[in-house]
Each structure stands twice: as C-alpha cells, then as structure tokens.
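Each of the two complexes below includes chain A, the first together with chain B, the second together with chain C.
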Partner chain A sequence: MILKGIGYVDEGLQIEERQNVAFASILARKNQNGETIGELIGGSLREGPLTTILGDTVYIGTGPGSWLATSSTKATDFADNLATKLAGRASVSDQSGAYCVTRITGDRARHLLQRGVAINLHPDVFTTGCAATTVIAHIAVVIWQIDISPTYDIATFRTYSPDFRHWLAHSWRSF
Partner chain B sequence: MRIVCPYCGDRDTEEFIFRGEALGRHPGLNSDEYAMFEHVYHRTNLSGKTSEHWYHVQGCRNWILVERDTLTHTIYSARLAKDGES
Partner chain C sequence: MSRRAEGGLVDRSKPLRFTFDGRDYQGFEGDTLASALIANDVKLVARSFKYHRPRGILTAGADEPNALVTLGNGAYRTPNTRATTVPLYDGLTAVSQNRWPSLAFDLLAVNQLASPLFVAGFYYKTFMRPAWFWEKVYEPIIRRAAGLGSLSIQPDPDCYDREHAFCDLLVIGGGAAGLAAALTAARAGLRVILADDDMWLGGSLLGERLEIDGRQSADWALDRTRELAGMPNVSLLTRTSVFGIYDGCEYTAFQQLSNDGAPASEGTPRQRLWKIIARRSILATGATEQPLVFGGNDRPGVMMASAVSTYVNRFAALPGRRAVVVTCSDSGWQSALDIQSAGIEVIALVDTRATEHSLASEVSRRGAKIFLGARVRDAFGKTLNRVEIELIDGSIRSLDADLLAMAGAWRPNIGLGAALGAKPVWCESLQSFRLADTPPGLVAAGAANGHYSAAAALTDGVAKAVEQANELGRSITDAPGFQTSEQLASAHQTWGTSSSRTKAFVDFQNDVTDKDVQLAAQEGFVSVEHLKRYTTLGMATDQGMTSQLNGHALLAEATGRTVGEVGTIRARPPVRPVAIGTLAGMHRGMHFRPTRRTASHELAEALGASFVDVGQWKRAQWFARLDEEDWQDAVNREVRQTRSRVGICDVSTLGKIDVHGDHAGILLDRLYINGFSQLAVGKARYGVMLREDGHVLDDGTVTRFAQDNYYITTTTANAARVMQHIDYARQVLWPELDAQAVSVTEQWSTFAIAGPQSRALLQAAFPDVDLSNMAMPFMRAMRFRWNGYEVRIFRISFSGELAFEVSVSAMVGDQLITYLFEVGEQFGVIPYGTEALGVMRIEKGHVAGNELNGQTTAADLGLGKMMSTKKDFIGRIMAQRPGLIDPSRPALVGLKPIDRTDALRSGGHLFAEGAPFSPANDQGYVTSSAYSATLGHSIALGMLAHGRERCGERVVVHNPLRGGDVLAEVCNPVFYDPEGNRLRG
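Up next is the complex of A and B:
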C-alpha cells in the first residue's frame, strides 16, 4: 500500500489525508469553563475527552479547560477569528501548521487502529463524539470519532506524519 | 501498569512521566536551611501504599496525584493534582 498520494481505498477500509484543515488550541482562563467559553461561540463546549460540533467547527476536548478547535477551511484567519470571539475568557493559538489529519473509515478501521492504540475503541465505550489524546507507536495523536461507520480522524504533529503513515502501511500489510 | 487518568480514562504508564513522591508544599524562600534540606532531599521511600505525582505528558498534560502500592502496583486512586492536596 502506497500512502504517498492522497489516500487509499480497499474493501472495508478507506484512508485519506485531509487537506485544508485549520487548527487552533483553546485554553480556558481562570474561572472559565466549557459553558462560559461556549456561549461566545453559540453553544457549550463539552468537558471531557469528547467533541462538540458548533457550526462548521469541531471542538475536541484535550484536557481540563483545553480544547483543540478544527475546521475544514482554507482560511488563514481561523484562529484569529476565534481569538477575537473568545477574548478575555480563553487563550487561542493557531496550530494549523502543526498538525496533519488522516481520516480512516470503514468496517476494518477500528481493527486497524486498535493495533496501535492502547485504549479500548469498542463501540460500547468509544463511539461518535468521543475523543482521545494518546500515542500510536510512540507518536502523539489526537483521535476523534466522526460517525458509526466507524470514521476516525487522527491528528498527528506534522513532522511525525510520515512516521504515522509508515505505521499505517506496516499495520495494514499484516492484516 | 495502567493508570486511570481522571480526565482521559484508563491509560498505559508509557503515556506518563513519573515525578516521585507527592511532597508537601515548598517551605518558602524564607524558610531555614533544615526545612529546605528536608524538602529537597528527604523522601520517605515507603514500601507499600504511597502518594505520587505522575504527569500525563502524552494525554491531557496534567499532573495526577496517584495513590499506589509500590510492592503490588495496585492503584487506589488517581486525581488531578490541581484539585487539591491529599
């Protein structure tokens, strides 16, 4: 399997590198929480390793009082806009250049991921809207589940993405 | 050994950095030499149930206060250190 291109398709598995994805980290200021921050952007950010979808942005819980906001956009002012909206309640920094996102979907997606993730991805405990910050083959990843297909998005630090692709190819070959 | 992070859930210890025994607060810059010596160098090094600080570096990046048995590796509790001391 060659992943140098944009993706890969096989029965029960589709792997795709998502393009034009913007990222921003959100850190709550003192005495602020998902509710008080969320009300500035039209909702409430769920506390815990979960995702919240508000408009076209997904907010991924990465720690107490911290979220990773992501959106499919070419816009370069994603983080600036968010920072303006959240001014005074949260610190926002642009992470768009920091991450690469791989989307894995299909019947065999869970099986493939489970080879590298040391947490339980069984649908009883990890389903749509769940997220995890963890490691795959010592590579830091943020995983969130999009739907029950299942579809997962996996963000890795940009410079580690070739290593992550290597892990993917290696794991896939041993199916 | 696995630690149940209060935020992330059940995780392998490879995601954590072990800092050591959970000590009391820093005695303060105006404390005497003996108090500072105690804080910096003295550890009880218990054989059995003890409180420790672990940092969840590959997860939520928070300090976790873990009660662990050093003989059996049984983990009795784990909570965010910032929520208060034991």
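Up next is the complex of A and C:
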C-alpha cells in the first residue's frame, strides 16, 4: 500500500500523493465563457477537456462552462481569492477538501493508467494539456497530463482515496 | 516414450516434471499437457459426459472436446481445462474427471448399457412423475452421474486485473493470415494489436512441413514474430483469447499471465481482461478440421489428422505406431505424409472420394495401401486396436491399428464474427458456412475466410490488411508478398454415416450421436436452435467447433433439406470459456464496489464504532462499550446521554450543493414546494422537493450565504439524484436563468452537535464567536475561520435537542472532530451513531428515507401546508391529481404499543382491530420503528388511511414475515417535545 505522502519510486514509474493542493470549481455565469472569464485572470480558459495554465494555477475543463482550478498555493485562500477575481462572471466553490491528488510519472505511467482508464491515452490522442473526467475502478477521477514524460495528475474524491490507492497498488504490482 | 529424437519446437534441454492421475511423467519446455501426455504414451485421458466412455485427445487446440482435466490442488484446483491449450510447466499436476473409482475402470460406464434410455431429452420424458421426485431424487442423481470436473469451493487465491487498449487494427489470430496482415499493417505504420490463443504465434504454420520464403514455416513464423515484437507500434498478445465483439468496435479478450492450477509469482495476476477498441479488425482465427461420423469415432486413438500433424511436427510426439488415415480432403493426404515422415507406419489411407490423388504415389511408396471411395465403418478397442473399413465395392476389411487420423472438411472459425447481427451463410464450394456480412469494422481473412492453403491465407491476410488500411485512409503500395511451397486444399465432405454397428458421435463433449440428431428431427426439433437445446449439440467449452457442422448436416439429411437451408446458429460472446474471476477483476470481497469513508472514520474506529453500509458510505452505526451487552444498550446510552448532555454525530454523508447566480433564489422556488427567494441572508429553512409526478423526491435544508449563493443539503441516499434533478432543471427546463449548481458533498465534513450542552461545547471550542440564542437563534447560520479554514455553523436540529451542525473543509475534518471531542470532554460529550440518530428522529416524528419512499406526497407526510400557493414549482400540478389528494390516502401517524413491552416492527401492515388480514382490509404500514430510550418503550411511524383523524384509535400491526401481531395506539407522530421547546432553548 502507498502511505500518505510517501510515493513509490521504481524504474520508469513514480507515484506520489501530492499534499495540500487547492481546488475550486468554476461555473460560468449566464452569457459568460472561457474567454470572458479568462480576461479577469490574464488569459483565456480553454473550453473542452483541456487544461489552461495561468500563473500558478491550472484550469481543467470539466464540462461546458465548467472548470476545476487547482494550485499548490495556500489552500485556505485559493477559492476566496478566485471568487473575488471572477465575481460577476463565474461562480466559484471551494473544493480543496473534496479532492486528493496522485501524481504518476515515468515511462510506465501511461501503461499503468490504461489499466484503469477506459479512454485512449495514446500521445496521438491525449497529450500534455489534455484532461479527462472519467472513472477508474468505478471511482470518479479527473486526469490531466502535465508533461510528455509523461506525467499525469489524477484527482479523486477524498472519501474514495483509500479505494483508489487499492486500485493503484493492485495494478502496479503486476509490472 | 514416444518422442522423436529431434525436430519440433520443444526444448529437450529443459525437461519438466508433471503428474497425471498421480503418476509422474516428464515433458519438455514447449510442450502442451496434451503433447506431453502423447509423448508419454498416455492415450486414455478422460471419461465422457453422459456415457462415461473412455476418451483420448482428439485435437491440438482450443477446439478440444474430450481432453478436459482438472489442474492443481486445493484452492488452485481448476476444472475442465483443455489439456491441448495448457503449456506444460514444471510441477504441473493434472487429474482426469468424471470417473469413479478410476479412469481405467469407471463404474458409471455402465450407463452405456442403458444408453437406449439416455437418448436426447431422455430425462424430460422419463423422470416426469411424481413431480416432487424431480428435485429430490432425479435431479441429484442425474447431476452426480453426469458432469465434468468440480470446483474447489474455496475462495479463489488468484488475482486478476484488466487493461484497456486502442489500436488502428486488431488482428485476431496469429496464423499465416494473421501474421501477414499484422506485418502489412505494422510496416505501414498502423497501430496494431495481434492476439492469439497460443503461446507462440504461427498457428498451423508451427505444425506443418512447409516452406515460406525458403524457410521452414515454423522458423518463418518465429522470424516474423521477432520482427513484429521489435516494432513500437505493435502489441503482441500471446495466450490471449478474444472472446467477444460489442458495439462501438469494442472487443474483449483475456490473457493468461500465469499457470492455471498453481500459485503465481507474487503480484502476477492469473489472467488479465482486455477491453480493446479497434478502429478496424481482421478475423484470422483459422479453420477447424471436422471429424467424420462413424461407429467408435470417439475412441482413444482416433484423432483429427491435422492434430496428428501438429503433434508429430511441432511437438515431436508420436500418438501411435500403426496408423490408418481416413480423409475426404487434401489435407488428410498431407497429414499421411507427415505421419509417415515421423516414422509412424501408415498401413492404409482411406479417401471417401473416389478420384485419384496427386500424392497417392508418394504415400503408397512409403507403404500405405490406398482405398479410394471407401469409408470407415467402425473403430474398436478401449484404446483403438482395430478399424473396419467398407470398400467401394461394399466389402469390409479389418485393419489392426492404434491410430486413426480422420480428416473431414474444414470449417472456418467464424464464431466471433457471427455476432451483432452478422449471419453465416452456406458456401457450396467450401462445404461450410462463412461470413457474408460482418460486424462493423471487421473482415475475415485466411482460413477463417475460406482460404485454407498457407499461400492463399498469406495472400488474403495481406489483401485484407491493405483493404482495412484503405478504410482508415492509409494507402499501402508496397504490400509484402510471400513465396510458399505447394499445398493442396480441396475437400468434399461426406456427411452421412455408413452402416456403423457401434455408436457414432457427432458432439464428443456432450455425447450426442448421429441417432440423437435423427431423433430430434423425428420429434420435430428441425431448427438448428431447437436441435441445440434438445440435444445440447454445440454447447459447453468447445462451443461446437468440431460438432456443429456435422450436426447441422445430419439434420439436413434427416429432414430432406440442404445444409444451406437448415442454416447454422449465430454466436454470442463469450466464444471461449472465461473465468468469472477475470470478469470481476479486483472487484471482489470488500472491493466489490468502492467505499466512501468520512473524515472521522479513523477516529470512529478508535472509539469502537461498528459501521453500516449506507450506499457506498461506511457510517458509524453505534459505539459500543465493553461493559455493554448488546448494540441496543449502546444505542440507548447514546440517546440518553445526547438528550441529557451532548453528543456528536458525523453527518458528512448528507448531499451538499452550492447554488449560485442572480436567479438562484428563483431556481430554488421552482425546485422546492416552499419559497426561498425571500429567505434572508444568514438564515436556513427546511425544504421539500417533489418529483414531476407530485410525489416527494427529497427534503433538506437551504441556507442563504449571500444574495446570489445558497447552500442546500439533501438526504444521503438522494444526493446524486437531487444533483441530477437540479442540473436538469437549470440546463434543460430553464436555461434562461442565471443559476449554477455544483456538488460540494466532498468538500465539507459536517458534524451534528446535539444536546443541552451543545452550545457550551461549541462556545468553548470557538470562544471568538457569539453562539448565544440572540446572535444564533434556531435556523441561523454563520461562517468564520478556524486555523485559517472556513467553518460554517448551522443552528439546525434533527434530534429535537438544542443542536448545531458544524462544517469544515474535509482536509481538516479529522482535526476538527478530534478537537471537538477534546473540548467536549468537560461537558460529557459522547459520539453517537446512525442508530441513535434514527431513534431520536423517530421520537421527533421527522421523516427520513423510509417515509420518503417515492409513494408519499407532501400532504401524506403532514407537510401539505408548506406547499406554496403563490408560485409554481415542479410537481405542483400533478400533486393535485385526485388520487394524490384523496382524503383516505395513508397519512403519517405515530404508533405506540398498547402493551408497552411489545416491539413494533417496520414493514408490518395496519388493520382495524378484529378485521381479517386480507389486502382488502389493509389500512397502511409501519415505515420506521425504534425502541425509545427516552420514553421507555417501542415507538413507530407509519402511513395509515385517514391517519390524521384517528389519534387514539387502536390498530393491529400485522407482520407475518417477522412474526407476532401487536396491538398499537395511533398517536401524534411527534413523540417527544411536541412544542419544540428544547430545540429553541
């Protein structure tokens, strides 16, 4: 089993549980979109299952007019600050307590994930900047690719995290 | 030993020990269990399903109907495994099945004597009376007498996993056509997955003496395998059986990763389930040589000619010393040469066709007598020792032989492709069925497409790969070509049986004879599907690969039709036997489905909680102490102590939704029966939602935190449904509203703090905020920071006591609850579980899941007055239907037993005193019940016709399921503090 905060390190595969990551959901107000919302934070939020990186925050497209913002900055103020910035154009709810994040990186990362994810992660289809809201072992996950190593971050609901760890250990040990 | 000194693909430097029926044997790396048994002269390997006839190895692949064995011991026992598909491993233990006391001497072989009784459908006709005898006597006896191996009945010690794959081209089968297709597509840069049942790719090329591009066919296959393995765009899945095709070009397969019947190395799954999405696919599953139907064709020593070729060529194992070959195809002649080349004497070659054959002189030169236009009549011996043939002139000749190689026509293996509406059609030139149309994206190639010779299969594999690549927009101009040595491939099957004197089998696995097929036809089972059900022809692990064609041809003959007119069956997945464990994967035991644990889970465990499953959630049910006799003691204590002092309960499982937007209030007005747009900021209100049909959907509280922000809660059970309902309303019904909604169930850990000391506890915990009745009256809410994290306090009560709900980010939920227990110690705080929570809500007459059961209206639950008449809301119109406003509808009441020692139980139905217990007199039912520690007796909530007007009346609670009828008094559903003084205190 993976212990909290302690990752596996193996040739071609590193797994790490990231701690204290802030999350906030962003829903576009009426007649607003990724572009108009993005104006307030110095960019444009990409629509669709894609990520947009603005400053130290990653905005993950999770549905039409819907994003999950995440950052390693101080979790306690993240959502409030974002809500203030986006006031009038988007509704923001703190979700920092809702998610745990696992980072998987290395040559075998894709192979490992493909044991749980039923969507195509081949680099022709899913690469840096791509995101997906899907399931692994019946557990809802949000996955986004950080770099071409490849590195993936996987957010799961906190209450499911012991079960997600179980899937990870089960799938990892047969390498 | 019957092993050739050299040749074959076995590694003689790597001997492997194994046992069969307790005897030690030795084989080599590269052997299958079947080839190793043959090399060790083991001919008798099984007893048949119904007649317990001695059986040997018939084939060399997945089509094997006879040689089913049980591998391994104890929990690793794996029954009904085809010896022909098991790669030999060191230490393998196998035992035969369906025999007693031994394989050589099986008492139940006596069944053969009674075989006139055991014809198709015999037990439908024989064991009819008395009817009750069937379950008690007949069926157990039949089940004991028939059957195959048995399960270990122990938990499966193996693990299984799954993987998802995506490709441009999936090639199913790695024989000549499959290798050619995969090479063509892979060299053109397509992403290719090649899956094959066998441990090596090559299919029949591994067992043939044929040259391709100047190399022996087996060497050529190994070379091409190496080439494919080195290509980054190719995945080779050996020991992998594709077993199903589904919509959306989805294929399922399982891959054998460790040996059946033995422990795997740490962490290695036994099998992996693959879900493959292939833009295009090629069915290159080859063809199966069909047996010939004659008397004694099932005897050990009678084998498929192609299997004999495989055993002598690929495994260097000799299945006999003196052989007769009977054929109706060219491949039978080729097999005769293979057998002769391996050093086995072929004493006769019998061709049912009367035409001269080009290989006749060579076969004859090596000592075989050639009989054209002849047929085998009977085969004799427990293991074969004599064959009787009927010559073209009608005379009979008897031949001493220990091996009879039979070569019928070939049948394309199209089972996998005969799915999703694709129907096989009869092809006269092939004398078999083939795929006319196919599932989307799939084409058949090679032998599966009727191209039986290696040369034709290679060419067809290339052509189909080019065709499929074209479909994907890739044009291949430099497709490979392959030079092969000559190979003949014509056949003319003779279906009819000769005048056999002994049983002639059509389906070896199910003991179906030619007579059974004739009987079925005679009794009116003239459709192939009916034939299958009546006789079991084509069922079980081999899925009729060696029996269907013969069976359908015999049915055609018996009904005076052509085989094409009779047709063949369609297939459904799985086309190969799949272990249930493979389908379940890691989802077994505790992990059958995911579980959700609240932030206080570990603390609750430390406090001695027993947990109950509520949907996926694990909730603390009660916290029993060592000195408490049973759970009821613990619950009673939790109720008393909460009502007298203070208790804390984790209620994080309630659904929580943030609703934002300028029109959030309007949206909520339309969702709930009562109004929220006028709710003041900082206040909370109880609300009820209806379904469109007017019944209650859910209830909960709504708190307004800002002009454009509400926070609503739902019941635990309905969290997802309500979220879906709200999204439907805002996205589909009223997209013009500026209203957004998002689930924050996971964000907040919420704890109910209830009891007269709850305010004191919270005030001590958060000294900087004012929680007095003035600042924080009933149904108020506030937000502040604690250790930097936002805390939300709601003055809400489910227990009926002075109570609060405290929420904090789930990141620090465990920290907050630990802190509250520390601070609460001075106030006598205790944890309470869902059971005590339930008792207290029943005491207060609060409705919950049992009452919100989808059949009740707001009025039924006493909440009718909440229904606003000033606004529209979902369910308003339908709630006014006559049936839903009928005054006789069951309404919420309280019930208490007349004899206070009686226990009321949920589910009991309510009857007037003295009325007979019949549906016509049914007046309602008990929804919730509990022992009230506060009142000292059992109490219940129920739905009773005209309930509101019947306070003080007596009813009988009738509970035939759980026993005991209890006389009860109808009362106000609020048993405790009906004025609500305590919660406002």
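Going forward, the second predicted complex is superposed on the first by the 169 of 175 C-alpha atoms of A that agree within 3 Å, B and C clash if a C-alpha of one lies under 4 Å from a C-alpha of the other, contacts with A are read in each partner's own complex, and residues count from 1 in each chain.
Definition applied: a contact is a pair of C-beta atoms (placed from the backbone, for glycine too) under 8 Å apart; a residue touches a chain by one contact, two chains touch by 3 or more.
If you're wondering where the values come from, they're calculated on a predicted model, not measured in any experiment.
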Contacts of A:L54 with chain B and chain C, given as first, second, both or neither: neither
Partner chain(s) touched by A:R115 [first = chain B, second = chain C, both, neither]: second
Which superposed partner A:R158 touches (first chain B, second chain C, both, neither): second
Partner chain(s) touched by A:T133 [first = chain B, second = chain C, both, neither]: first
First, second, both or neither for A:I146, with chain B first and chain C second: neither
Touched partner set for A:L40, first chain B, second chain C, both or neither: neither
Between chain B and chain C, more extensive residue contact with chain A: C
Residues on chain A lying within both footprints (that of chain B and that of chain C): 118-120, 138
Chain A-touching residues of chain B, taken from the complex the two chains share: 7-12, 14-15, 58-62, 80, 82
Chain C partner contacts - residues on chain A that touch it in the complex: 20, 25, 27-30, 74-76, 91, 93-99, 114-115, 117-120, 122, 125, 137-139, 157-160, 162-163, 166-167, 170-171, 173-174
Residues of chain C defined as touching chain A within the complex: 159, 161-166, 191, 257, 266-269, 272, 275, 277, 586-587, 591, 593-599, 617, 658, 660-662, 708-709, 736-738, 740-742, 744-749, 785, 788-790, 808-813
Chain B-touching residues of chain A, taken from the complex the two chains share: 48-49, 62-64, 66, 118-120, 132-135, 138, 140
